[in-house]
Amino acid sequence: MKEYFNNIFTALLTIFVGMKVTLRHLFTPSVTIQYPDVKILLPERERNRLYVNMDDCIGCDQCARACPVNCIEIETVKSLPGEDLGKTSNGKKKALWVTKFTIDFAKCCYCQLCVFPCPTECIYMTDVYEFSEYDRNNLIYNFATLTEEQRLEKIENFRKFSEEKEKQKSQAQKSE
Amino acid sequence: MKSFEEISELLKNNFSDIQFEFHPEAKFEPYILVPANKIDTVCLFLRDNNDLYFDSLINLSAVDDFNGNKIKDPQGNEIMQGGTMSIYYHLESIKFRHKLLVKVIVDRDNPSVNSVTSIWNCANWHEREAFDLFGINFNNHPDLRRILMPYDWEFGHPLKKDYQNPEFYQGMRVPY
Amino acid sequence: MIYDFLYNLTGSSVLAGFLIALLPLFAFILPFALFAVLLERKVAGHIQDRLGPMRVGYHGILQTIADIIKLVQKEDIIAKENDKLFFNIAPVLTFVGSYAAFAVIPFSSIFLGAKIDLGIFYIIAVTGLVVAGILMAGWASNNKYSLLGAMRSAAQIISYEIPTILVVLSIVMMTGTMSLFDLSENQTGYFWNWYILGGPSMSLQKFLLIPFMLIGFLIIYISTLAEVNRTPFDIPEAESELVSGYHTEYSGMKFAMFFLAEYANMFAVSAIVATMFFGGYQSPFGYLGNSLNMSWLIPLEQFFWFIFKGIFFVFVQMWLRWTLPRLRVDQLMAASWKYLIPIAFVNLLIIGFITLI
Amino acid sequence: MSIKTEEMVLNMGPQHPSTHGVLRLELTLDGEIITKVVPHIGYLHRCFEKHCEVMTYPQVIPYTDRMDYLAAMGNELGYVIGVEKLLGIQVPERVEYIRVIMAELQRIASHLVAIGTYGADIGAFTPFLYCFRDRERILNLFEITCGARLLYNYIWIGGLSHDLHPDFVRLTKEFIREFKPNLKELNNLLTFNKIFIDRTANVGILPLETAINFGITGPMLRASGLKWDLRKDDTYSVYDKFDFEIPVGSGKMGTVGDSWDRYYVRVLEMEESIKIIEQAIAQLPDGDVTSAIPKKIKPPVGHIYSRVENPRGELGYFIVSDGSTSPFRVKVRAPSFVNLQIMDELCRGHLVADVIAILGSVDIVLGEVDR
């Protein structure tokens, strides 16, 4: 019998206590923001979309090797001895033409493993997070600065150059 | 708190007929090698002996040792012949706070070992997973069927080293 | 009152009767439903430290209109295996069940559908239709979850009608009248004349009655909560188990009718509780109209006070919804049969003795 | 004559509002009473163990996050401790302390999800949002430190990817100061609410022997009355430097080991985690966090089983290395995978509504069950 009334009493008491809590929250200011109009300022270590600063990139392929999902594809062509490809920001001489540098953001898992091994720190993560696309292929970003025909021209030069070297080497062997 | 040597002594004089192999020198975890068909009797003893009292099976993991000889099968991808698979049983006694690693080696072509589900219920799903991913069938297991892969997956067992992905599974292209 | 006014306005009794039937719907229930849906979402939002709808109109004012437009243009799916006849009648029946109760609810001394003597008796009878509607909906949707949900809600509504009737009985026994209009009239004057505080006559009886009136109010409020399927008794559309119970299969306009029926029922129920215990349309602090002796102002004030009390109780229902978890089916039945009904009986007995003194 | 009633099979899942992910529970019902529960898993199987065999040791870490995505720090910690034991590296003191702080913050965040969804399953939706409001503050702490909110790849082999953010300590203290009253408020709103107690007390009682036999670990085992916590019983990292209790189920509202106990153990554990964080912040030494990260990770041949107390139970990694740069085999002992086996035992004889209550109290994450 006592347990019967005890049940009723605890039920009513806990319900009123709960209602007191929610009433207090009715008048506390809300913690949410209206997203499209108000945007949160993201911290500077934010890891969202990758960005590659191409004039620092020496095509060393470290980031492509470090990536667990292989979403970075790089193709480089050796430059001819005479050509001058300019210097990276920290003074390192560039020796490779980067003919293809694409990152497939549909596959990227934003783990930042590619940022640490880069010798010239040209690949880093920005805080851009609104880059959704309708077509998955648009998510494949191409960072290479060479235009299409420049690319072919570089490949062409290197092929000619390597053939000349082959000829000279074979002549050198013949002449011995 | 029994040390590895005491446990091995106890096992040796209780099971004189079974030939164990004791590996106290294994660097990180000393283990005992037990023949495949005797594993459930040994485990029952390990659990019920009141000064060993291994009442909880922490983990049951299967490893494909991949140490047979490689041959080419008709389609040209390589298949392993012979070799062994090993199953590791990590046991622990909550009362005495000591741990033990028991290893069983089964041959790779038709691996079969006695099930310990009747001793520790926890082994039920672990064994089903080992069957699903490695093809080890556990004798007198309550319901040995695939657990992680689809129930009608008849392209072999995925975690074996020489596993080939099928081209299509029920009309869906499998390779990404 | 209204009927005679409409009769000599239109001249034909049929038209007047028709108009008087439509008055509460268009004049009150539709705007109330619009407002109540928005109120619910705003109250839920602010209780949970968020803002609720803010995008449609200023601070989300037009949100419900947007909802209704969405629901209206949604495709009204009737599955092949559904029992067509019952599937279509069910929402109408549930809506009619709650809408018919408005016929006798006294909004103010002159705004009153029908001043029949059996007011409360009629309301309890009519709300029985809702159960039939829900069972039809559950059965006609031809899916396991809806059937389970319908069974549960039928059992729940029936077993919570008994405590309601018992408390209503104790009020009727105390006041001697069943017509809601007389009930409201008896509670004139200031708020200490209300039945919750023992009724109009200043006597020992009044002070004896107060505790039992409070218990009666609690019982009827809890049981009407269950009748309307609101938390903590909203098991029929318990999202986590039955994926929203009997109206899972409904979409488009039919779903809107169920939705509307729920809010109309909520107001009807809180109006009844307000009329019986909190003095219907009587104002707690006397009338402005009397002091400024503008007699035409009184009905408007009464209408305001009635709406205020109704919406306050609807707010309390919403407040409860966002505070309490849900009871299990057998606990729900136990609450009604083991707790509410015995206490209601004892309450009825004691009030009977007190009224005899 | 007995009425012929045949049992109804009800499929709950794999797409169901309260199965915490893609789990299918096949319930055989006799009326509303449950006679058998068969869980079907595998819908979220992403072959984590096959991935490990083709990745190098550091590349596996982002994959460990995706197993129990609500306690990613705990997953990384388990894997990294195992590999460090294989390599025999000793990490600097500051790294150990930061790892403990991060693991405990992750425990609070994960318990907040467990408690919030448990309230929502029983029908109280508001505590769910209060819990997530507090959890956002923890995720912001993680965001300023390593940039990500859910899958961090922060704990590396031999150290950490970033050092603590300059105002991390201040923000954590602020969070703890504001979280304590919120926790008390949550107790008033949900824990001691009579309807919540009715729904969870004496529901799904797990006796201690069956718990040990089924290999149950974590809050579920402690709720059944056994004081077993890896942070104390098999100490790893620097947990021995802090004093904190292990909350154990006491059957306050029903019998020992019922759903209410499992819920209440998680609430008490959050308070203990706050104590650990406060002590860890007070004794935080300074130093460099990336000094001990080896350039080339090639552990010697051998196998090791490392285990960590994750919010859901004991998370174990059995790592077999064959001397190359990528692991030969990584077997994960996922706590949710093991704890889920008990569903059949617990749910027998209960009602359909109780299955949701029991599943909520078991608190599984499907990413970890299916791996």
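Some points to look at:
By letter and in written order, the chains are A, B, C and D; residue numbering begins at 1 in each of them.
In this section, a contact is a pair of C-beta atoms (placed from the backbone, for glycine too) under 8 Å apart; a residue touches a chain by one contact, two chains touch by 3 or more.
All figures in this text were calculated on a predicted structure; none of them were measured in a lab.
Greatest Cα centroid separation from chain D: this falls to C. Each chain gets a centre from its C-alpha atoms; the one nearest the centre of all protein C-alpha atoms is D.
Chain centres here are Cα means. That of chain C falls 45 Å from that of chain D.
If each chain is reduced to the centroid of its CA atoms, chain A and chain B end up 41 Å from each other. Computed from the mean C-alpha positions, the centre of chain A lies at a distance of 30 Å from the centre of chain D. Distance between chain centres (mean CA atoms), chain A to chain C: 58 Å.
Looking at chain B, one finds that none of its residues touch two or more other chains. Annotation for chain A: residues touching 2 or more other chains are 7, 15, 18, 21-22, 25, 31.
In chain D, 126, 130, 133, 189-190, 193, 195 are the positions where the chain touches two or more neighbouring chains simultaneously. Pairwise, the chains that make contact are A-C, A-D, B-D, C-D.
Only residues 7, 10-11, 13-15, 17-18, 20-22, 25, 31, 42-43, 45-47, 66, 68, 109-113, 116, 125 of chain A touch chain D when the two sit together in their complex. Those residues of chain B lying in contact with chain D across their complex are 26-29, 55-59, 61-64, 88, 90, 94, 97, 101, 120-122, 124-125, 133, 146-150, 158-159, 161. Those residues of chain C lying in contact with chain D across their complex are 47-50, 144, 148, 231-232, 234-235, 238-241, 243, 322-331. Within the complex formed with chain A, the residues of chain C that make contact are 43, 45-51, 54-55, 319-320, 322-324, 339. On the chain D side of its complex with chain B, the touching residues are 41-42, 45, 47, 49-50, 53, 85-86, 210, 212-215, 226, 228, 233, 300, 302-305, 307, 314, 316, 318, 320, 328-329, 331, 333, 337-338, 340-341, 370-371.
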